[in-house]
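Labels run A, B, C and D following the written order; every chain starts at residue 1.
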Amino acid sequence: MTRTSPEPVAEEAELAELYADLARQGLVPLWTIREGLMPTEPTPRAKPALWRWDELLPLAARAAELVAVGRGGERRAISLANPGLGGPPYATPTLWAAIQYLGPREAAPSHRHSQSAFRFVLEGEGVWTVVDGDPVAMRAGDLLLTPGWCFHGHRNVTDRPMAWLDGLDIPFVAQMDQGFFEYGPAAPEDAGTPPRSRSERLWGQAGLAPVAALGAPAPLASPLVAYRAERIDEALAAQLALEDEGHPGVLEPGHAAVRVTNPATGADALPTIRLEFHRLRPGASTPWHRSSASAVWQVTAGSGTAEVASRSMTLGRGDLLAVPSWAELRFLAGTGGLNLFCFSDAPVFERLGLLRQGTRAGGSTR
Amino acid sequence: MTRTSPEPVAEEAELAELYADLARQGLVPLWTIREGLMPTEPTPRAKPALWRWDELLPLAARAAELVAVGRGGERRAISLANPGLGGPPYATPTLWAAIQYLGPREAAPSHRHSQSAFRFVLEGEGVWTVVDGDPVAMRAGDLLLTPGWCFHGHRNVTDRPMAWLDGLDIPFVAQMDQGFFEYGPAAPEDAGTPPRSRSERLWGQAGLAPVAALGAPAPLASPLVAYRAERIDEALAAQLALEDEGHPGVLEPGHAAVRVTNPATGADALPTIRLEFHRLRPGASTPWHRSSASAVWQVTAGSGTAEVASRSMTLGRGDLLAVPSWAELRFLAGTGGLNLFCFSDAPVFERLGLLRQGTRAGGSTR
Amino acid sequence: MTRTSPEPVAEEAELAELYADLARQGLVPLWTIREGLMPTEPTPRAKPALWRWDELLPLAARAAELVAVGRGGERRAISLANPGLGGPPYATPTLWAAIQYLGPREAAPSHRHSQSAFRFVLEGEGVWTVVDGDPVAMRAGDLLLTPGWCFHGHRNVTDRPMAWLDGLDIPFVAQMDQGFFEYGPAAPEDAGTPPRSRSERLWGQAGLAPVAALGAPAPLASPLVAYRAERIDEALAAQLALEDEGHPGVLEPGHAAVRVTNPATGADALPTIRLEFHRLRPGASTPWHRSSASAVWQVTAGSGTAEVASRSMTLGRGDLLAVPSWAELRFLAGTGGLNLFCFSDAPVFERLGLLRQGTRAGGSTR
Amino acid sequence: MTRTSPEPVAEEAELAELYADLARQGLVPLWTIREGLMPTEPTPRAKPALWRWDELLPLAARAAELVAVGRGGERRAISLANPGLGGPPYATPTLWAAIQYLGPREAAPSHRHSQSAFRFVLEGEGVWTVVDGDPVAMRAGDLLLTPGWCFHGHRNVTDRPMAWLDGLDIPFVAQMDQGFFEYGPAAPEDAGTPPRSRSERLWGQAGLAPVAALGAPAPLASPLVAYRAERIDEALAAQLALEDEGHPGVLEPGHAAVRVTNPATGADALPTIRLEFHRLRPGASTPWHRSSASAVWQVTAGSGTAEVASRSMTLGRGDLLAVPSWAELRFLAGTGGLNLFCFSDAPVFERLGLLRQGTRAGGSTR
């Protein structure tokens, strides 16, 4: 509907004078901005945007030749800046996504911050991320967490470089003024390179919790900080196999999906970031869907197409897609199927009763 | 500490070329912005700011002469724009605070939105706010809620104008792209003017819940939408009386405080906004305190001084003070004591494990 | 169905010898007792039972002439023993109901126990129950709590005797071996007789919580320990008035009901006992209902009929009705209406996913 | 202290007459029974008791020769009757423990009940328990759940008999009148013998939940119904290895312990039964401990000694020990170490705020 009001009952001049006086006092009249400020449904400035892994990786490699990793800068991470947001390194208004790169034998210094973070490894191996003193191996397909306020640093113990995806809630925390940061040792505390972290050894068996940890209140972030490629693959494969056998399990026909959870609570593994893995059978597609959560998707294997709003984008391995709030979205898998990793800000809004899901029709459910 | 790194190992020219290529791809190198993006502690752009009721009210009255209330603009509300935020009508990065004004016999149309809202009445009476069809009287000292997605409109049934404070999570919802809005009837559905709302009649007795409402999951927002001046006063007075009698109850010596809660859950009455009333004895003062939550305070009675960061501001009745995240704050009551209403975004960050409290020393507790 | 098995494939003699050997080892074969042990639906030993206030009160008065109140016996309380349970002072397998009686100027010593307790006052006044040092006036129609492990004693400050209903979870705690008990002062600590307890002054306003109490985890039992007759009456009357006005509120046509809750959590005021007040309009009746919870009902005003299973019982003021698990129950109000107080063990089983509700048809919902 | 009161102020005759009148009315005077009814600390009738696997197994085998398994009796299960409880098949006032035995090719019919159940397999294999149509292999060292109201039957597909431990909350549910029971097919629905159940395939990866299952409210009982020997062993071994490496993980020096949890909530896998596995190093011992929960322990491997109250009992593989509420308990491992499985009623009382832990000194913590 078009705005029919307020009907000015006054001379334009008096009105102009009022608005000037308001401005002088740091005041804004709602009626002049209401529709833009409180739209019928979300009108994000962020735009659907795609970044190609093939283009990100060489740029990261070039940076490695030109810039050292060290205290202050802290990380050799190159972040995606949503074109709609006009500058800041935000993939969406709440989410940070970056490619991080460590050269042979390089280490990134230890620090901690209130921001929640994860690393997802598309390819390569040889880096250990040390989370509160616990060395966690990073291998292709693994998802590693560094929950808020845990010290963490990274060390490449090989002669080959390694790159991976960093995801954080930096934009949310920055805009909300909730950021705290503290330096740790210049190099990760523990130089060990165990195949499995202590976190996995204590929390890595489904439904078996260490009694010693159960006295204290359950942690908001997961005490399990490594989710391994083999286990993720097994979980997704099982859903599709069950579908073949005629049993429930898949999210939709031909579409398997697992959510990364905190084994101590069953809730999202990170309080501000939802982490999921999706697998589409060859040729399968998802129904149109929209969510008030914003998200970033990365293709972990296979290929296909993403249709976002009116745009269609072909997807290849490693490609990163930013999806703003309430954008209509569907995926179509190529002949080799389509595997996706997704992170979103859904837990923030779910906890606050704000999260909505909808279909293309625009029907929305609360 | 000053940034010592990354040590450029390259010709400036090559580096410049890399940064240009990154910019071209919509990419940002973390190491050039890390310290600004992830500060040691919050560095809000918002500034402590004070607005005088004596100045707000006449401006609102002037607007009433020049601008009608109607569909589209929806409300005659004039909002506080924090000087640090450079324009948008945000008192803090998450909170909206405005003075709303209705002339004699005026009505504001009905609508609903995902934003949570409340009205606090400094003075006057004669308006009924109709919440999902339930007419709720607004009188001096009352706090009224319009939880997210409840239809609401306002009607002045008297021959005198009335003004009050509107508080919402508009800035949070807008920046997070969570806003949904829907028009309702052009005038509030129910023209009744009962002294007590149906909400109060069902939920207004402490610890007595209607069994009929207990089947469904407890609502995230309070089913009780009116908190009356007399009850708030009685609760605050009781804490100070108990202090006189040597019993616990006050928050600090000479400082009574009550939080507005959802009787169905005991949690904050609104999922995104914490609402509290505070009363300081004559001459009393609060210790220095800082919180990562941002807040807006309004003087409901008495006078005194607010010391925020390095600034000292005298406070009179109705004055509104915006306090950004992590600003050091203390209040000193005048000879007549100091009564304050406060709303903040604390519940959002408390739920996410991000909220921190500290003292001037800067010691922070999580 | 009739039991068709186990088919003895053996000589009776061998079987008898086996059973004897089992018994000798303290072993029991399930197949000989399964149907009794795991019935199709609850088959309580407890029976529907009614006790007349007119008969209880004189007996309590006689006891007052013959037995002093003092340390060891602790209370002059006479408890209802369900005829089906063969002796122990249990109104139902989980609930204790007793009439307690204090003569003029008498006091009952202070003690505490893990059992949760409440007092409901049918008539009279003049006794203060002191809960953790807080004197709580007891008047006709009031409900008073003494949560588990709170010290409590009672003092009659008048020249008239007073009697009331005591309700506890003694049978549950006793059978579950969860009882802890500790003596306090021989007389209640605080001899004050304030009209309102400190508990009410801090927690007595709906939706207004003392900020000082919100740091610690919310208590499982209510910090509000007095629910006053006037407020209960107002809450029930409001539901019926709203029904007259065509608005929701009542539990069923002509049937108002409020549950006593913990204002800090919205859950039941006591973790093991559900407390409710019900009001039926003159001539109204409830539909047939059954619950796996057991309950005790007391008529607080009016009269009527209770139909329990196949029995019909006329109800007068003060009469106490014990209703076992899964008994079909309905109430019919007399010409003056029927007011009831009810306490049950529902919260225990609701928390454990065991509670079921059903209708006479026997349909059960989980 | 000895009971000093009530001081009879009356002729014995009058008192006797009063007590007779009370008894006639089904009434019991508290003061005559208070100390027994509300002891200073739990005084369970149940006694510490030990049953030898070597004696149970032959009796179960004999039963198999004499009694068929079939509809009505339902199971060939022989339950432990605590000697202190005088008859009923209760290992403790809340817990059922039985040895169940299936001969070659035998099947136990399908049924469901509100009671929660589990099977722990000390030795053998070849039986599949079918839980709501999902065949679950039973092998040595495995723990299998049949949550309340899930259909379940058992089928032995081999030519060898198999025996295992059944644990349920039958005594709790029976005394609380919460039992519902329903017959299913005479033979388990699904005759399949897959190595892994569908439940494990969907929920068996730590911290990876099927998104399709996350729409509905999280189930009170675990959707994962099989906890495998290898995983339990790995979890216990990891804690002891971490202790060797100087890291946290064990419950106490030389004492590893894991709790069986619901991966959808992190809470106990069954709402009424806590399930834990413990491992003591050779020669290790636990400190004296007491809990208001009652428990049953089974030795899964190794040997040692249990000291309960004043008794000392040597423990061998398979032996079953019933431990009443508040009994002082400690374990001493033999030279081969001691592995224990434990189930208790702790979750019931923890949820209600009744659970207490203490040491031999008798100090108790709430």
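What we mean here is this: contacts are C-beta pairs under 8 Å (C-beta built on N, C-alpha and C of every residue); 3 or more make two chains touch, one makes a residue touch a chain.
In UniProt terms the chains read A, B, C, D = Cupin domain-containing protein.
Please read these numbers as outputs of a predicted model, since none were measured by experiment.
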item: Touching both chain A and chain B (chains); value: none
item: Contact-graph distance - origin chain A, target chain C; value: 2
item: Per Cα centroids, the chain farthest from chain B; value: D
item: Distance from chain D to chain C - Cα centre to Cα centre, in angstrom; value: 30
item: Chain centre separation in whole Å, for chain C relative to chain B (CA means); value: 42
item: Between chain D and chain B, distance of the C-alpha-averaged centres to the nearest whole Å; value: 51
item: Chain pairs that touch, as defined at the top of this document; value: A-B, A-D, B-C, C-D
item: In the complex, chain D residues that touch chain C; value: 1-10, 14-15, 18, 21-22, 25-35, 37-44, 46, 49, 51, 55-56, 59, 62-63, 65-83, 88-89, 93-94, 98, 113-115, 148-149, 170, 173-183, 220-221, 271-272, 292, 294, 324-326, 345, 348-349, 351-356, 364, 366
item: Footprint of chain A on chain D - complex, ascending; value: 198, 201-212, 214, 218, 222, 224, 227, 231-232, 234-235, 238-239, 241-242, 247-251, 257-266, 269, 276-277
